[in-house]
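This report concerns only the one structure given below.
Chain nomenclature is as follows: A, B, C and D, assigned in order of appearance, with residue numbering initiated at 1 for each chain independently.
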Amino acid sequence: MEAERKKKKRTSAKTLQTAREAGYFGKKMLQNALKAREEGRPTAWSMVTWWEGELIAKAMGVELVFPENWGAFCASVRAAEPHLDRSHGEGFPSTLCGYARNCLGYARNMADNNLEVPPDAPGGGLARPTFLLSSGAACDARYKWFQALGRYLEVPVWTLELPHTGVKEYFLPGNKEHNIRFIVSELKEYVAFLENLLGKKLDWDRLSEIVDQTFKTLRIAYEVDLLRKAVPSPMVAQDFWSIMIPHLYLPDDPEAYEFYKRVYDEVKYKVDNKIAAIPNEKYRMMFSELPPWHTLGFFDEIAERYGIALVIESWSYHAIPPIPEEELEGVTDPLELIARLTYRMWTGYNETALEYGVDPGFFMSAYLKWAKEYRADGLFCHPLMSCRPATYTLLHTGNVLMDKFKVPSVVIDGDIVDLRVFNEEEAFSKVEAFVETMDHYREVRKKEGLPW
Amino acid sequence: MTGEKKNKGLARAAEIYQSRDKRARELKADGKKVFGYFCCYPPVELMTALDILPFRIMGDMDEPITVADAYLPTIMCIFYRSCFDIAKKGRYDFFDGFIGAHACDGAERVSHIWRYYIKSPCSFFLDIPHTSHSAAIDFFKVQLNYFKETLEEFMGKKTSPERLKEAVSLHNRQRALVRDLYDLRKSDPPLITGSETLQVLISLMCVPVEEGNTILEEVIEEVKERKELPEKKACRLLIWGSLIDNTAFTDLIESSGLNVVIEDTAIGTRPFWHDVELTEDPMDGLALHYLKEFRCPRTFRETGPSYREDLESRFGYLKEFVKDWNVNGAYLNIIRNCDIHGYEVPAVRDYLEGLGLPVLVIEQDYSTAALEPLRTRFQAFAESIG
Amino acid sequence: MNSKETLYSAGLDIGSALSKAVIMKNRTVLSSSVRPTEGNFSHAANTVLNDALEKAGLSHSDLASIGACGLGASFLAYPFTKITEISCHSRGVNYFFPSVRTVIEVGNQASRVINVTKEGKVADCIVSDRCAAGSSRILQIIAKVLKVDLKDMGPLSLKSTNPVRFTTGCAVFAETEAISRVAEGMRKEDIIAGLHQALAARISAMAQRIKLKEECAITGGGAKDIGLVRAVEGKIEKKLLVSDDPFITGAIGAALIAVEK
Amino acid sequence: MFFAGLDIGSTITKIVIKTEDEIWTSVIRPTGAEHRRLAHKLMEEALQKANLTFGQLDYIIATGYGRINVPFADRQVTEISCHMRGINWFFPGVKTIIDIGGQDCKGIKVNNGKLVNFVMNDKCAAGTGRFLEVISEALGVKVEEIGDISLRSTNPAKISSLCTVFAEQEALLRLSEGVSIEDILAGIHRGIATRIYSMVERINIEKEVALTGGGVKNVGLRKALEERIGFPAVVPPEPLITGALGAALFAQEYVGRIDKKELETRKKERRLEAVTFFGEGPTRGQNG
């Protein structure tokens, strides 16, 4: 039995046909950047800024690659460790973000190779950037890391801030509009920076097109999420983590939009015909936040053994619920549209947060909303050694879910890139015990009159 | 009488350092409102102007973290875990208000979690942009106004620009006095030890600004007239990085053959190095000061055109410290899981080594129980200089 | 196959230190057997099972089901149901003390704090098992150093008036530290009490992470040590229930769960 | 002139007496709990072996874990500096030193005979000599032999536990699965080498590398470390005494700095007494 398990592959089995096609987008992104580099067109390494920075750069003809995403890729093919060792050797503490350490180690290798992509770089490597686009949102790593890259790359770093208002403060009169105005001003300064750096003007019409397309893609991605409320679950986290690439990184790409239409159709078909993603779905769990990319097969295994379906996951990767119509009325400035879109990502669950009296609005409140809507039996918490900021509020989320909804959570330590931290055996035994816990709280919820 | 006078300021500082909440509790009993705040970003001037006692929230290196484990994962900044832990154990139960801040990830998330589990009559979460473009300064001013209004509403009174300017001047006076005190560390040996300085600085963060200023004046006078000087050591040490809030730590360093002469940390030079400009609208000066002049690496600064120039623009001020305080060794203090300082380690190291300084980096666990093993490291470092 | 009325089942807990077996008739324990594993899991497992069967006057073919947990469970040569230790200990404690809602298990490899439901199912749990600093393995190590029988550690500890302060968390270094304390002429009881304090501090730190319920019990090998039990009680400020035979709690749980599956 | 270096290690006490240009005598004895207070006895032994009297020693430096409480030493220097100095004497070109002691493990960077950087682990027994002692005891082989035994391995076992205590149990488990003792030991050596390597890599391992400390008397570990580093390292003829030798070298240096008179009075006042109090200085944290 032990031996058998070891033979199993590490990558997960996707239950959606369409999810299997999604790998194309990741490759496309990396290759576009390498090609641009060859042809002398501008490229950038970008943080996920939840679209505020990316769309404008794209409108300026910059090809983007995302080191966070590439970090996950390196982890999934188990190629991150040499980079981690390298960054360690450079004196970066080993407690820093795993994606960051992966990237810093890689950049060091690049620096040793005349700033060209090292021959053995995973996935063809990240092309040398013209500039770096970092973000103040979500975590300190996302600007400190790029600042630290200056050590190797000697290219400008631009940081875009996203306000981090508290929930109570968000509802102070006028504050929301102040926040949006601030983002718009930041974006203007960013446009000026880009125009100056690239020596050309921004094509505003092109930007508007890109923004339109993005709104469309995100909308359909969101609609796919809505379909997932169905019981049994038509698709699971293993699928989502593959299909998220297009909307997260290439929402302006018409191909991404077409892709989501197909995803939507497939999921819809499964819902209509009650086709479950995993056979014998017994437990519905939410997953927070970043998964162990190197061992996704684990989730197939727990699906098979215990009937656990991960029905919704990873708030920070999801398209947000669309902005209410009235808010967009009369708004035509693409910068403002972008500002509202990104700010929505950060504050879209603030009403829920207010209702339950919790902070922060991001990273935890979505789960409070989802618990009911997706009829969750439990929360799978994955605290990471390396993406620590996504982890800080996990126990808090778990506590509140228990308080308000009697939904228990299980904590399984692991990591996004460093597979030395994840203990599979231990994880299985915890999950096995947790199955009993979920049974118990189902009873409790029933007694307390909660609807699931 | 004379004997008593001789040690007044230092003794008072030591006393406050020992029982930090004593004075605050006394004042509270007399009707003063006390607000706890995170990090050094929420402008203390605003609180002072409204007759609130700003009380800096610190952790406790002597207290093992136990309760916080149910709320905060072990992999987060140990300093903030400790703050929350002792708060949950009731150490800060005298706060009338809690001011959280988006200073760094740790401060931000712990602020949020704090508000949920530890209730105070008033609370505010101050957003602080990471950028310092002009848009960010304008925005920060707006946030400071919300902060001010929240305080005003709670206190049931308004403050005026005049009162605010007075508060700014009082705090500027404190900053100037701290800098004077630091000047007394330029001689060899320094006239005042690192541990003594730390006691003074911490006491300032626990009492009203006027009282703090008196302490400082007395301390400066006493120290100037000192007969018995601290021991002269081979190394004059600059400390850079995460804060140190316990003299057990500085004692350990200073008993390992090193004299601490300057510390660029959040309980050290940072809150005191620049005055707040007295602008027409005092809020402008405050916004500018805290977002732009305050030198914590949590604020992103435009990178220079090359790595060297970037280092120069971000850490150039350290060169002044090194020169003026005759520093010949640097210790980079990283509290485990402090990302803000962690990412900077190689760069700061490069910069300081470029100035010819030997550099020691330690990631420590913010616990006095785990201090002793560091002794050999400090001693070996001292030996490498001596 | 036996008739419904008399259902014989066996439960095994093949731990890293001890192998334990019980034979049950419905919900009654007929016999049990405990012996050191000594690194040979399959041998130890077979021996304890046969021994317990013999004591109960039964043979292997009388058994309707076998449940097993523990590090060495996968070494069993015959068909059985594998169950995690967490579930087994919960169920086992529930068997002795149905009112208990929190179980602290101090085992050789790991310590666990488990909140259990009234059916003895797991409601929440915390496990420490990367570092031996919080497990009872250290008791054995120190007993050997002090040349004290494990059984006497608890009573000795209670006699201490001045517990030694251990400065290390690491189980290995604690051993060295104990050796030097002995050399310095410190009393055995103080050293043991100091060790119990250090261990209890670790365990209670874990226990803080989940909300301790009203009724708590302690089990696993560590529960045999009254000094440790008292020290933990002191730290968590709660009374702990201890069954007469904490060793076999897990095995009982295994037997009970196996019957259901 | 004679200079003495006394290295009171956590596990082994080492004494080196040297003249201006060569090692005169060395003594190596277990520190063992009951021997801790007996440093003066060892000194006597060394003096006897060297055929010297205590008064003939010009300067004595104590180093190591127990350096603080040696009343007859003129001065204390940390083992980090002493190892560096000792290695530098043997191999002036060495840039990186890896020292595997009984209860800690260090990486030291040297440049032109100066200490420039170092890292160390002393919180967790994994990665130290103690780890190997525990394993060898569990497997019932002598710690002196495990290196040679492991070299016979053809298929090193995978030992995944990092903790000493669990690794010991995992080793026993593998043994009961029928894995041979040489494969287990080779696996253990690999594991510990990886751990040490990744700690030392923090300060950037640069050629030449020297290995020292009691741990590298183990050829299996030595080989595993070299494999991990990617090139061969140098090892002094007796890796145990580098610290004591370094201390003696420092003694020599200090004598050069102080004036004759002071030296004489100092020598007169010095008594060869028992170690006054062996406070187990280091408070160890835990690796949670």
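We take it that a contact is a pair of C-beta atoms (placed from the backbone, for glycine too) under 8 Å apart; a residue touches a chain by one contact, two chains touch by 3 or more.
Small disclaimer: the values here were computed from a predicted structure and weren't measured.
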Taking each chain's C-alpha mean as its centre, the one farthest from subunit A: D
Inter-chain centre distance, subunit C versus subunit D - centres from mean C-alpha coordinates, in Å: 39
Geometric centre distance via CA averages, subunit B-subunit A, whole Å: 35
Inter-centroid spacing, subunit D versus subunit A (mean Cα positions, whole Å): 48
Shared-contact residues (touching 2 or more other chains) in subunit D: 123, 282-285, 288
Residues within subunit A bordering two or more other chains: 90-91
Sites on subunit C at which at least two other chains make contact: 129-130, 167
Graph class of chain-chain contacts, one of line, ring, star, complete, other: complete
Residues of subunit C touching subunit B in the complex: 167, 201, 204-206, 208-211
Complex contact set, residues of subunit D against subunit A: 198, 201-205
For the subunit D and subunit C complex, residues of the former touching the latter: 10, 33-34, 36-37, 103, 123-125, 130-131, 134, 162-166, 169, 172-173, 175-176, 278, 280, 282-288
Of all residues in subunit B, those that touch subunit D in their complex: 74, 358-359, 365, 367, 369-373, 375-377, 379-380, 383-384
Residues of subunit A touching subunit D in the complex: 85, 88-91
